[in-house]
């Protein structure tokens, strides 16, 4: 018997919202999704079979992961699934209904690392499904995405294992760790995408009202997040400042010069240092300093240009001050163009739904998205893809403490995608 | 009845060690010292009568202070004394024995902000008097100083309120918050020092063995600690970096330029930035960045030179990046020369003690000390002063987690100072 | 009798090439143009009547200007015209042929500040018309532009002062000091442009072959060039570095931070520091440091954004190091869109010429152009304008020492513009 | 016959003053000194025999040296001596008078690179011996030093080749290129100093009045001057800033960080960047940038500490911005202590002279001096040395355009040194 067997889209979404799990910590989410999908007759690849483990980016420490798994266990994640996941979140569910084309849907499952509002006028708080996990909140709608994924799976799979009007194979990609761009790359490097002929990714909200469907978001900025740690040697700043190797001098020089990476003649570039930390007493030469850097580019090449400059700058700053430096990629996304044919399928599907009042064509994405890696993998293998926007009249902006999703949008999301896939 | 009435030097010191209280949190220490000193017949000025409240530097938040006071209360600090302190630590105890000169002793009472070792070979841990307050530890010997202060008070004051061989007035300055140089200035600005003819400050250890007395440490570097906070405006680093006012760019520019304050032809200068913090997501322009800066100078003028340059640099960096900047002085010390006459008194006193095996003359202090403010105040009023080193064969260096004091040194400290004062 | 009366386009262009005069030094050019235009029956406004004197940017020193005027005098510039110019170059020639519309043509006259090749295969050197003025060379084709301007004037003005097929007023703007964007602004701020209904600016070459006409270059980057001088105080770097106020520390900090001006979400921005100079002995703290800064923006607003940030950064750097800073605008340009109607006129005119083999539509300008100020002034007053490219199969790139113009292009330039103006 | 045969000290000094030759350009000076010394019976080692050619620092270009040699030839330098010098300046003159000790005198010969005042109240101008070489001036008194060297040679050498009261060997070191510390090192690395038992170096003026003799200046700061050239790649700052490799960004980062080399706990350090140059149009990414850096240390070790940090910083800055960097040592000095015995000899010699009114003991040197290398070489070989100050009531400070030497001081210089050497 599955936890979600008797729950509708709203019930599932609210349960996920209440148990918000941030990137790489989606143990309960993955386990319950897998349990329900297997109940529906899908084969489910889990954890190390759903993402390439060593390609995971921005991984929390082992302690943090173990605590998250324990938390999931206590909150009802079935042990059998946790065991199969082997400490790694993410799932790919597959079911074949005939010899037709292979179609895929990608949804993301992770919450944001932020606290949720407890105000009375915040519905999740008022109705008791606000996040019970401090510092983790579904403030971007991925809870709805996951519910939509389950809803799509249900539409295709009736009790006797056939699906009217669809004779192909359906693959559902439940991607972990989208925030920061950490889970898309390792999922894209499995071979699950190689035979996908049509991939649809989706997002609710994005400032569109309920009833609007955007057939093809595209051109997100490519993005890379680089964690940097400078390590020097402490010394007494009064007695022997010369004996120190000052990690903070290196960090400051790096920051100033990172912002000065030359603009590029070919298009948009961005650079930012969001976080810096160096904690010593005032009279101690700084032994350690950490930075969190982000670069972006209008194309993947521009992003690589920025990333390679950023790496050279932190290396040069370290060598200048005789300190060591280590870097690790926290996250990375690329960019994509949606395919006309895929967008048209969505447009026609949406136009046929009563609940849809407006169908919008291609739109620039603005931010960054690691569905980009999955989409490009499909396109490189000869398939087509699009990234669909499902309007939702939300009460507050994405990523805020008051974010909540118009739950009507979920039904529209399920129906639009199901129709598009069936008509392929 | 006083808590310490039946305790000897070792007992008092161990009790203080166990209840280590860091700067401006010495509520229990001050209260128990005051209780014992009043039992001995001294008049005790407390809190706002012992330091000028608005001159206190590097003050913790009100919440932190209130919690420290509660902790003291629970650990036995008498309520009557806490009330008189009115939230402010520090005490000056005075007793007159005749019309002779006014002599003073300054000891400091605060612990360091660090954890104490729990290792079996660390005597305070093994014998049960390691600090019960996490993050606070007597790792510099101020527990011994406070005990020595009480010991000196006892030597002068016998039961009937007279003191053989001394017909003047004794003042004992139990100074709070020496670490960081935060309590010396506000205590020096009371009028308790105006009539002091001879002031002796003292420190145990300082890499000298038990049995050694240094008659006059002098020339500590002047020191100022400046807290700096840059405040700008956040913005999305991908969408509209131009809308941010980047506190971190200001901070980085400030740091790089602080280290470049011109060296001074007149003597030694120092500058360091120990702590930096700016915490934003990688994709958010930094709204806030804080620094903890320290400058030093071989003279008070050189220190002022460094401090005024540091202030100008952080202001310029803020204006360059259109952010606001606030600064506050976390701590400040000055420098001094010991008086020959005072040093000679100590030398003769120490030479007469069996436990003293070596008497050393003047020595450079090396670090910084805010007893400097009290000493200069006495000297400016026509008195003389010295800063005495009481050797102690300690097992580990000052400020380490394994620091422990050779308790034999306390007796030598009491006897040396008492003899010097009596012979004045 | 006019110097150029009997010269054709080639003869005029070669004479101008030989006597190349850089920005604000076009005394001989202006005087000879004015003399010829008055011979042809035009009214000529000169110097202070052709540009607003106090709006001139990037002006050389008085000494340099006086020397340039003397040089012009010795090379045949008629004294009467030099007197009327009153030390200021530039001319606006006007002639009315009836009550029809007012049409204008803008050409620029200044040479580049660079040496010309003396190689045998460089035609101007081989045929004796290479620049006689060291460090000044017509390496961008403005000599041809000026000759074309005279050619157009001749086409309209026959001996009896009427012009078949044109019954309006013709204004010819001979603009000084285009290089660096220094002369466009002050000419645009006269009232000569207020009644212009159609303005055509033109450029030869720009990597197009002879026979090609580009009907409308547009969207040049807005540009501002800022000269910066930091002034501090010298001091002996060994004896008393503290007594210096280090102009070079300010300059270095400014440079590093200029490159770090935040990228802008609305479009392209650029910043560069081309020149830095600070000349002191190694043992002297730098008293003075000069920078030449350039910023650009995809729009005039983006350019202002960059310029205001640049100003704030140099101010902040100065204040940080306690030095003075002075800035002056060396040059400035804005951007424009060409008008469809004007481009169409040019397209039709060009299409009718045998010598024209290809007519190209709108093209992005790439660089910067201060004709932008004149074009915007016309557009703001209700007129229309375009910036025409006259292809020229040149042997070497613009701004190189070997640049030479395919002189055939001049005839095409004259004919295209004359036809476009007549058909308006 | 020698050019200087019939000239006294004043005549020689004024002739040298008139033909001021800056570092490594002392062709005329060296040749005329050598001619006169050989006339007096000394053996003279010249050029490559007086300095180790490949150890010369801060060498001008070959063109500059060739022009200086031509200039010397035209101003009377005998061809035979120029030939022996083989393009290298400097001379060591030796004469033996018996089997006694070897005594040495070091004087420097080079002028400063600066213009001389032409004011009527500047005696050299008024009396016709101001420098005829623009940009070169004896503004530090080395002309007097050279004359004193000749004067000493004359005192020892009478017509018949014997010297009353002295039976040892006299070596006179006429050192080139003292300014900047460029000639001391290469002269010290010859073997001429190995057998010197007593070396006296001397300087006139140094803010002491005529009649004062300082027996031992010592402890000059060690000094190193580093020329740095960053080489990147140009690019159009508007079109493709990314294609540049910005030498100026590297240089600015280097400068800012050079000033931030950590102060040293062991003593005085200094750093300065005197000269920076990068010359490009405002719209070109800087291809090349040059710096002239100077570091100092209170000891030779502290100087090496600064120099090695400076090298690492310029390397790191280059690597950070992907540009190349080359460095060359422009000059270098070390430090020394004067020997008591040598100082005493000078003190006794000076005390015996009527013209000497005050004899001062040891004094800190303040600046830097490359006689330090010669002195240390002698001391390392077992000899003794001192650096003598010969007071001179000069009208203006060293290194100014109005500097002139009180010529009375030369006689005192000769007599003091001769007496000290004879009494050894």
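Things worth noting here:
We just call them A, B, C and D in the order they show up, numbering each chain from 1.
Operating definition for what follows: a contact is a pair of C-beta atoms (placed from the backbone, for glycine too) under 8 Å apart; a residue touches a chain by one contact, two chains touch by 3 or more.
Predicted, not measured: the structure shown is a model, and the values here were computed from it.
Between C-D and B-C, more contacting C-beta pairs join the chains of C-D. Farthest chain from chain B, judged by C-alpha centroids: C.
Separating the centre of chain C from that of chain D, both taken as means of CA atoms, is a distance of 52 Å. Centre-to-centre spacing of chain B and chain C amounts to 69 Å, using the average Cα coordinate of each chain. Within chain B, residues 239, 241, 246, 249, 253, 256-257, 259-260, 262-263, 270-271, 285 each touch two or more of the remaining chains. Within the complex formed with chain D, the chain B residues making contact are 256-257, 259-260, 262-263, 268-271.
Considering their complex, residues 180, 221, 223, 225, 237-239, 241, 246, 248-249, 251-253, 255-256, 259, 270-286, 289, 292-294, 296, 330, 366-368 of chain D touch chain C. Of all the residues in chain D, the ones that touch chain A in their complex are 239-244, 246, 249, 253, 256-257, 260, 262-266, 285, 305, 312-313, 315-322.
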